[in-house]
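Once you've had a glance at the structure underneath, I'll fire off some questions.
Think of it as A, B, C and D in the order they're written, each chain with its own count starting at 1.
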Amino acid sequence: MQNAAPTLRLEGVAKSFGPVAALRSGTLVVQPGTIHALVGENGAGKSTLVKIVGGVHRRDAGVVELDGEPVDFSGPAEAKAAGVAVIHQEPASFPDLTVAENIYLGREPLGRFRRIDRRAMRAGTRQLFRDLGVDLDPDRPAEGLSIADQQIVEIAKAISLDARLLVMDEPTAALSAVEVRRLFAVARGLRDAGHAVVFISHRLDEVAELCDTVTVMRDGEHVSTDPVADVTAGDLVRRMVGRAVADLYPKVSSTPGEVVLRVEGLQSTGTFHDVSFDVRAGEIVGLAGLVGAGRSEIARAVFGVDRYDAGRVVVGGRALRPGDPTAAIAAGLALVPEDRRLEGLVTESSVARNVSAVSRRRLARLGILLPDAEARLARDWSGRLAVKAGALDAVATTMSGGNQQKVVLAKWLATGPKVLIVDEPTRGIDVGTKAEVHRLLSTLAAEGLAVLMISSELPEVLGMADRVLVVREGRIAAELSRAEATPEVVMRAATPGASAGQEGAA
Amino acid sequence: MSALLRRREAGIALALLVVIGVTTAIQPGFLLSSGGFRDLLLTPAILVVLAVGQAVVVITRNVDLSVGSVLGLTAYLTGRLFIEAPDLPIVVVALVAVAAGAVLGLVNGSIVAFARVPALVITLGTLYVYRGIALTWAGSDRIDAGDMPRSFLALGTQQVLGIPVLTIVAAVVLAVVAYYMYTARGGRQLYAIGSDPDAAELQGLPVRRRLLGAFALGGALAGLAGVMFAARYGTVSSGAGLGIELQVVGAVVVGGVAIFGGSGTVAGAALGAMLLLTINRALPVVGIPDFWQRAVVGALIIGAIALDRVLARRRSHRLAAERDTDQPGEGGPADREEANR
Amino acid sequence: ACGSGGDGGDGGDGGASGDVTMTMLPKNLGNPYFEASTAGAQEAADELGATVEEVGPDTASPDSQVPFINTAAQQGVSALIVSANDPTAIGDALDEAKSAGTKVVTFDSDTEPQFRDLFVNQASAEGIADKQLELISDQIGGEGEIAILSASANATNQNAWIKLMEEKLASDYPDITLVETAYGDDDDQTSFDKTAALLQSHPDLKGIVSPTTVGIAAAARYVSTSEYKGKVAVTGLGTPNQMREYVEDGTVEAFALWNPNDLGYLATEAAAALVAGDITGAEGDTFDAGRLGEYTVGADGVVVLGEPFVFDKSNIDDFDF
Amino acid sequence: MRTHARPWWQRALLTREMLTVLILVAAWVVASATVQGFDGPLTITYLVLDVAPVLLIALPMTLIIATGEIDLSVASVVGLSSVTFGLLHQAGADLWLALPASVLLGAVCGALNGALVAYGGLPSLAVTIGSLALYRGLAVGLLGTTAVTDFPESWTDGATEKLGESPWPAITLGLVLLIAVFAVLLHATPFGRNVLDIGRSSEAARFSGVDVKRTLLILFVLSGAVSALAGVYYTLRYGSARGDNATGLELQVVAAVLLGGVSIFGGRGAMHGVVAGVLLIGVLGSALRLEGVTVNVINIVIGTALVVSVVAPRIAGGLRVRRRSSAGHGS
């Protein structure tokens, strides 16, 4: 159809972070005047690809061309100058600056004597917001903006660049329906003006509605590229998650025992509402849902690192003091958090120190903690979990993501918990290690541990859980038995758009 | 936000007015005598200039503890220049001292920006080094009033239309820097860097260049403060400005500049400096022995930081509450259905 | 010289004629008053064939002199000549030095008597107090409010003079009231600002007495450029070089001081006499102090330089220190 | 799995702290050989007596900086405790009562700092600049121009008394004991591990059940109490309780701790490094003074050492990283 060079062409682009290969072979061709969808599971490498296009990361290998010209950006400023506007998945706004300043930072309209023309800036911001149909005060600080509003600001910023290529990494994850419609209108306007747009979303209905072409990625590699009209949502899901599930999920069946964890009417204003469920000994309960649905917040509140407004958490028959992780640990809770590098591990510390982090008090004799006791515990647990590290005093930063994850698991298992909450236990972990982690969880459950597993990877939830709770927009939208839980049913329950018409049918 | 900040500065200004008002009521000469009025304006001039420079550095999430030593060095340099080269015009001498200050600031800035090491440690180190250089150079020598030209010393006390020259200098510095911080792209970028240094890199801002600029400006203003010191006090020994750094940081903090960068204004810092020194002068007048002054100043600093935090908490609570009313729990899905039809 | 100095010190009074090493320790460096006294010490040392080295802290805080006293003791210098920042804080260190064989002479500002062998006093405390009251009384016409601008709140010598002045005022000058004593910490800036505060808090102030060279210069500078010039008298103790400007422009009529050069000279001569064993510091001991003639040790081991000298427009240009 | 990647001697020697220790040893050896009077017995006596306050305060300061916070009010607490001790003595209180009372007051001062930082969430740098002025102001205000000096000789002598015929002051025993206590606290207790974890990632520590706020509060209380103890020592050593005692000491303490290899960002630090850092500043000062070098040059040397001690590892580290990445590029 087009003879001109594509606006963006990536061929075999690769990027690794230490041992993690985030992108193995990224391939993407975006024609001018089209909206191109990029879909794939969590961790498929979409954001990494986007960051390379936006000059945030430098690729390890492969080709990147803009309008047929090879480019190699050394920084975001260069990409911007070359006409690439990117809305990143995690917006980085400056909380102390006003909304308008955030949008125009570094390229403020100048008046006389090269001074910032605030009136023009405000007017420009208003116009942008009018186009997007939102009502935001350009003069309010970015601090305290909701994720949705932050996203709007990012979108406005990107649009105001009037770039030839606009990349949007999950821009709609937090937007309301009205905002989404406005955004789509703006995106179509850009397309019709001949700009190229890349659109990333986990919502396949949005893809169908907005996009012309769709590229599927899996495990850092390109899977397929088709006109949207030629593929069904079912095809896309299959391509995204299609892999040999049998090996990956060595589920050992067990008979659930007593209820160990009971959550009653948990509520945190603006985040989740009326969340009630329980987890039995020997049972793996999966918590499925879209990114941003509030599953992590629920887990954090249960464990006590976040406060909540109402409800209670009962472990082994006794209510926990809210907001007190120490009490939760004493009661037998363990949380393997979502963000390994920030919350799960003290990355600057050694394996031994990390493994013993929670058990220290118990290890100490007369208040003195002997290095030997620490080393013994660490050797014991890292052996059982087959942690691969040079030595026990290897610093956690030097380890692969999978091994880091095992260290976090080891740390919590060493406390002998009754309930193990794992949040995205295999995010960013290679397939082999993934299977090991699954086997471990399965075995532990079989030994009587109660496991609450949050995962954005459907196959993982379906392959591992005895029961699946689906969270949608901060509420438990469905509870499914292992038999009931098929990818289609879970996806429909989880997706705000898809649910209404079809829930009854499921 | 500017409305809130304006309120913050208005608060300090109000406190300043209250202090002046109460003191004047007890001792009318504090404000109403010509000397009282002059000192009210003149005394804070040097600290204001230092606070303006420090505020710019603190806004970028750094700090410069070496300003007292830079002041000492440049004040002595000023005197020395008058002795060594009596024919040099005053303006040239002042410019040389300011340039020297800028260079010293640039040294700090380069180490911080290029080696990516914490400014607190580096400027603590250069605090010792610069002071050591001043001591080595000056020894027991002291610049006396007689060593400097009358016309220069006159600047220290002279008034134009009833306003002391040094106060005018401080006001001009404040106006220029405030204008830059508010209206220039570079100024806003300094705020952005302090607000979130990583995001600033991600946005492709010239972080290094801006940091160098901020430290150089801080140094240059400390140099200017050195010149003002020489003019005002008429004597300079190697100890000039000893220990003033904590007072400067205190003034900046009282003035509402967050120590972790990104917020606050130079005008606030200047008001903070005026408030601290005016309180200092007011206490003996209202009958509190001057021994207690530091305690009052310390309580004031702590109170100011705590107040800032309370205001910030209240603000973010309010913003969060707004968010909740914007997005009622049921609204989202309903809207979405509608959109998808 | 340094090397053999260490040996010489061990014997105490052993080899005075040999290598006599002395350490001059002013309150702090960067003070022209002490620059002059060190010059005097140097002159005396040259005449005696001894060596004198000036060391000192950068601030006049109570404990900052201690490491330098310790160093002198380690070096085993023959004598230590010190102007004390605090009457007791350096006492132990001086004791240590004395027990290592070092002779200790205080000058300008004394410690408690047991810590030193000799105190070379610039003038008797009474003499200094009287002279300053005489000056201020003359300048304000014998009546009105006055204030004192002192050095640091703990300065021994200043506090002694201030106490004597207060007593004398009560008894001999009934029409003069002392309304406040402020402390400028011997810091230009502080003294300057304190002068401003004094003038403001006391609108009827007629005169300021500053018994410290830093204070009087700062006070004079403030007054010289203010509305108070010619209305408020400034006097006290100052050096001619610092005060010349203000005497010439009429801010200051007259002020007093001894010659700090002579003070350093005398202290060094006294120290040498101690080292040589000519005197022990007992009352009635006499020694020859070079160009200054013969001096006698008074009660409590005090040697008095002489009466303070008054500088005014007529004579100030004859001096350069 | 092996417990350690490198043999013990490498682990012990190739550390940032050991660098300070080695420089200290080198400085000592060079000074003994070349500086007249340095090898005498008085050197040790004076060194211990002079560094004692800095050393004492540096112990809790190490823990505080290891969490990524700072306490600039320590010298003012020294002053305030000195004044309290003096006033209590003047009021006729027994010194055995005045001593714990002063230390308790220091703990209260520290608790105020700690509460504001930990529970108020305020930046410690700003808070303690404020309390630096506040506590000093109280100290100076309480005593005014006066000083309390008439302490019983048995007490003042105790501060400088030597152990028998040796050059070591008796307080050495107390110092060594406290160093040992703090070293064990930091290196061999769960509490110390928590402290370092907070410095490295307070978020991860919180997720591991560490009560970050309580830990910070405890550290500031410790800092206040030990500073107050140093204040009593100061008072007795100089025989003089004054409001301005130890003015400016806070920057010396911070400089010594950083020189000892503690990271200002927190998470890294060892007691032997800090002790060596404190001693190094003492030895340099002592040797340079004996050489007749004046205070100005000593300032320059200390300041330069501080800058170099943070920049040098950074440059070395940067080079290592760059070399590794360029190697990766080649392969």
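Convention: contacts are C-beta pairs under 8 Å (C-beta built on N, C-alpha and C of every residue); 3 or more make two chains touch, one makes a residue touch a chain.
What you see is a predicted model; the values in this text were computed from it and never measured.
Asks: Looking only at C-beta pairs that count as contacts, which pair of chains has more of them, C-D or A-B?
Replies: Ranking C-D and A-B by C-beta contacts puts A-B first.
Asks: From the centre of chain B, which chain's CA centre is farthest?
Replies: Farthest chain from chain B, going by C-alpha centroids: A.
Asks: From the C-alpha centre of chain B to that of chain C, how far is it in Å?
Replies: 38
Asks: Compute the distance, rounded to whole Å, between the mean C-alpha positions of chain A and chain D.
Replies: 44
Asks: Using the touch definition from the top, which residues of chain B touch two or more other chains?
Replies: Where chain B meets two or more other chains at a single residue, that happens at 131, 135, 238, 291.
Asks: Out of chain D, which residues touch more than one other chain, so two or more?
Replies: Within chain D, the residues that touch at least two other chains are 144, 248, 294-296, 299.
Asks: Listing for chain A: what residues touch at least two other chains?
Replies: Counting only residues that touch two or more other chains, chain A contributes none.
Asks: Touching pairs of chains, all of them, please.
Replies: Between chains, contact exists in these pairs: A-B, A-D, B-C, B-D, C-D.
Asks: What does chain D use to touch chain A in their complex?
Replies: 1-5, 11, 184, 188-190, 192-194, 196-197, 200-201, 203-209, 211, 267-268
Asks: Write out the stretch or stretches of chain D touching chain B in their complex.
Replies: Listed in rising order, the residues of chain D that touch chain B are 70, 72, 116, 120-123, 125-127, 129-138, 140-141, 144, 243, 248, 251, 254-255, 258, 264-265, 294-307, 310-311, 314-315, 318.
Asks: Going by the contact rule set out above, which residues of chain D touch chain C in the complex?
Replies: 36-38, 40, 42-43, 45-46, 50, 144-145, 147, 149, 156, 160, 234, 237-240, 242, 244-248, 285-286, 289-290, 292, 294-296, 299
Asks: Which positions of chain C touch chain D when the two form their complex?
Replies: 2-3, 6, 29, 53, 55-59, 61-63, 66-68, 70-71, 73-76, 86-92, 96, 100, 152-154, 159, 183
Asks: What residues of chain B sit close enough to touch chain C in their complex?
Replies: Chain B residues touching chain C: 27, 29-30, 33-36, 38-39, 43, 131, 135, 138-142, 144-146, 153-154, 156-158, 229, 232-240, 242, 280-281, 284-285, 290-291.
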